[in-house]
């Protein structure tokens, strides 16, 4: 299986209102591909029931190579230190779409 | 990278109608943070097309420390034995939000 | 913990319009259980903002045993070679619903 | 009652929805549109009923409520006997399925109202209150039958599932449709006529058009369920047609002979008894009878009985009501 | 102003929403329905205001705008002083909470309009323009107070968060509600009467009915927030009732004595000053004052002040306006 | 035709949508609202057309249908020649892009109807049927051109993708918009006038207002696409303006000289020929021509041609129709 690459799937859950902040971080790091979806949730900032904009969460899923992984986490943590409540975690994944993991494309 | 914690991401897919059952389990185990979203699907209980309440699935994502992992799975399996169709699986994850994995906060 | 099975969680992100293609592949491989949800995203095919059908992504999540994993990836790659933009990756997962991983049920 | 009877826009849109799915069109309503339309329709019909009830006879209102409860308990019990005949359907599935027939399909009821409105036929407003009442008894019967099945099973050494009675009765009496209908009924009854007049363009004016959209959507959902016919099996499909016929006949008797309604009102009672819930009861069964297979009852209520009632039951029960009343 | 005052459908539907959640009904609006209704209402009220403004006095319009800004700056400053009294609430939370009271709740304003419309009371159209204006000052005050708090914190060795002034002022002046209201105002003002007439069945005809649906939804959301009362604490809940009383009194003075409005128009100014935004300000605070706890300000604005204003404030401020004007 | 021509609410709301995104407002419609509005509009326009067609000349109806198919085949072929000029655009992208111009944008067509309605200009109902017909030919041409490109590629040693003709032709004739329009046309034609009257407050009354909301949403979507101009390149942007001009002129000739329509009806035919589909064709191309880049054709159809037609094309083609007919 030579077309498979081990990458990191970073998932970021934050308030809907902060989604442009996250997209700006992606842009800064030249991350051009990502997936995002609306989610609800509960946590330290209370219930996010999805009724108002201020009340909705967004989840970003972004598959990155090892090279981009650490800078991404670092940028996100800088934001968290400012007080923004991003919930960030990562999973080990294998990418199977051939174009998505040719050496040097990420 | 000292701010990273290895935790379990438990994902639970079940009928929308049973979502309070799941939330009660979380409450019982003092799990106060979770994420949930509407999903569709197909399985042994037929097509869940999302048109009616009885016809929609919900997916819970909950990141738990090892300590809470086993009790959570045990509670969920108790429910499954009663006949409820919860589809439950877990993934190994690294949490990067510093506040989310200080020792003793989960 | 004898009721737990190691399986592969395959996630496929593609255009909403191609969702019947993916479902046909599942059918061909006798995969009868899956979860799907609407997502947005950005990538080589531009911004998928979710406003029109041609503009929306769908994400499939399908938990498969090792036996079905390779044929599924192979089928999906055959489609990708034709020009379809499916983004496919997999994660290692543990299934906890007892019925979902009895030997021979998948 | 010839072809004209179904050549009314609301019914035609229902047929269009069925056709769209049969020819495999990719027509799709956005998530939530169907729910939004049904919220609107329940409120509109509730307001309408409330305004009329404010001027209604209290005695007849209570009598209607009483007989609604009788229908809600009686029809599912008949259904259970039929389903369990020769042990064809297991106890849990029989209990869950039959509960749906004690309750009411708001979509069918509204299509019946459209039929009467467009044909210029008068009808009483009491059936609207009856609709509110009929949710609970059906659910209670379903749960009772399932609890009895569980006791049987335990007797032979099976596992026990405690029926969560309290939460399910709560659910049966406070589910969304009941709250909307009852709430709108009360609001329509207590608000001043001048205030209500400001609401009419919304609740009356666009009602028939919104109903068309709603039935188009339900037509697609019904057709989608029809695919599961094979899986469900012929006996159950037959039950989905026989049961509304039985219910409809009982309803005509109750409407005409006991409550003394006009042909229009009698047909509405027939539809209440003949139709099967696909909104309120499925969640209650999913919670209360997890042992039953959801695709059975959803297919029957939505894929068989609903289209049968809309296309055949409504004109049929109206003709029978006219004939019976004489 | 007896019970009649709140026996109007729109207010009753709000109460129904609250009741639905109190009795734990599973009634739920589909995602997006609430947002869709609020888009409709902002456009409809904007068009209405625009048509009337086309014939309004320019002088009084500018005067109204000026005083709207004064109210927008003044009320949150009063609120901040109250919240910081004896250091009860920390600076960041005080800044974020008080900003909401400088802005306006469109839901409350629309409920007030429904109250006047149904009661057949006349009112000026200037308050609609004032509503557009009042978003920005409140947000600016909130950010200023937070920036000052940050400077204090730094002085004692804390971390610095740069306030993203540019993007937040942009947000304050271009947020969705402002664009819809202002855009509809202009379109209503420049379109020909014949063209507008084609739009009236949509913008005027069904307005009151859509408002009922909208307030039903908000009633449920308000009730859902009430659960967080314990977490928020009694002092803050008290603030959520005292603050609209203060704002309402100031608003009555501005509306009646300074702008010379009728009792109807004066009550609308009172409601502008008394109500707390739960649409435009929370996002601005989440972006600009991440240090504050979102569940505080959402609970207060939506769970305390909103129902208080709808059920008590509207009839109260109207009675006071009538009495004050004499 | 001065500024007045675009000072009608529907067009102004479109402009408001564009402006909202240009000033980077966070105004956003909830998911599904746009789709819901477009379902309503297709049904409303279909019912309207159906009622009128019931009284139309069969001969002229068939003639219109024939010429709609000619337009559907002809314009994309012209477009392909232009795009392939000097090999500027590769075969797959040229095929996919040009297919969009053979089909029709319902949003543009409805804006044109709003223009005529508000200005009190009469128009024939045949163009509504023509709109239904024009989906399929365009898609077929696009697939044919792509299939030819694939054969060329194979000849030089490339990989083969079999065009899934069957499923794509099915899609072309049964896609959601076609089913809604055609279904509503038939229902409008066969329903009794009394029945239809009950539907009018929904289908006619609020039509213009809903259209305003719909065009507001599309204005935002169009503006969002404009950001991709740089990526798409100037030649393609120029094509997005030249192509509707060519189509519009051909449409005026067909409408006025061949079908003998009034200036109003002629302008509608021009708009059919000039507009580019962004609902039905993009999915067909995504399925049938995966080799083409979706962001090219969506940007052109929605970001260039659509706003051009709404703001310039409609008044221009109407003036030209008046002038041409004399």
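For clarity, chains are labelled A, B, C, D, E and F in written order, and residue numbers in each chain start from 1.
In this section, a residue touches a chain if its C-beta (ideal position, glycine included) is under 8 Å from a C-beta of that chain, and two chains touch if they have at least 3 such contacts.
According to UniProt, the chain labels map to these proteins: A, B, C = Nitrogen regulatory protein P-II; D, E, F = Permease.
If you're wondering where the values come from, they're calculated on a predicted model, not measured in any experiment.
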Chain of greatest Cα-centre distance to subunit A: D
Subunit C against subunit B, contact positions shared by both copies (same if over half, else different): different
Approximate Å spacing (C-alpha centroids) for the pair subunit A, subunit C: 20
Computed distance of Cα centres, subunit E (Permease) from subunit C, in Å: 46
Whole-Å separation of chain centres (CA-atom averages), subunit D (Permease) against subunit E (Permease): 41
For subunit C, residues contacting two or more additional chains: 37-38, 53, 91-92
For subunit F (Permease), residues that touch 2 or more chains besides their own: 26, 31-33, 36, 201, 205-206, 283
Residue numbers on subunit E (Permease) that touch subunit D (Permease), as the complex places them: 4, 7-9, 12-13, 16, 19-20, 23-33, 117-118, 120, 201, 205-210, 212-213, 216
Subunit D (Permease) partner contacts - residues on subunit B that touch it in the complex: 15, 17-18, 21, 38, 45-47, 49-55, 81-85
Residue ranges of subunit C touching subunit B (in the complex, touch as defined): 3, 7, 9, 32-37, 61, 63, 91-100
Touching residues on subunit F (Permease), where the partner in the complex is subunit C: 31, 34, 159, 161, 221, 224, 228, 278-279, 282-283, 286-287, 290-291, 293-295, 298
Subunit A residues within the subunit B interface of the complex: 13, 37-44, 57, 59, 70, 73, 76-77, 80, 86-92
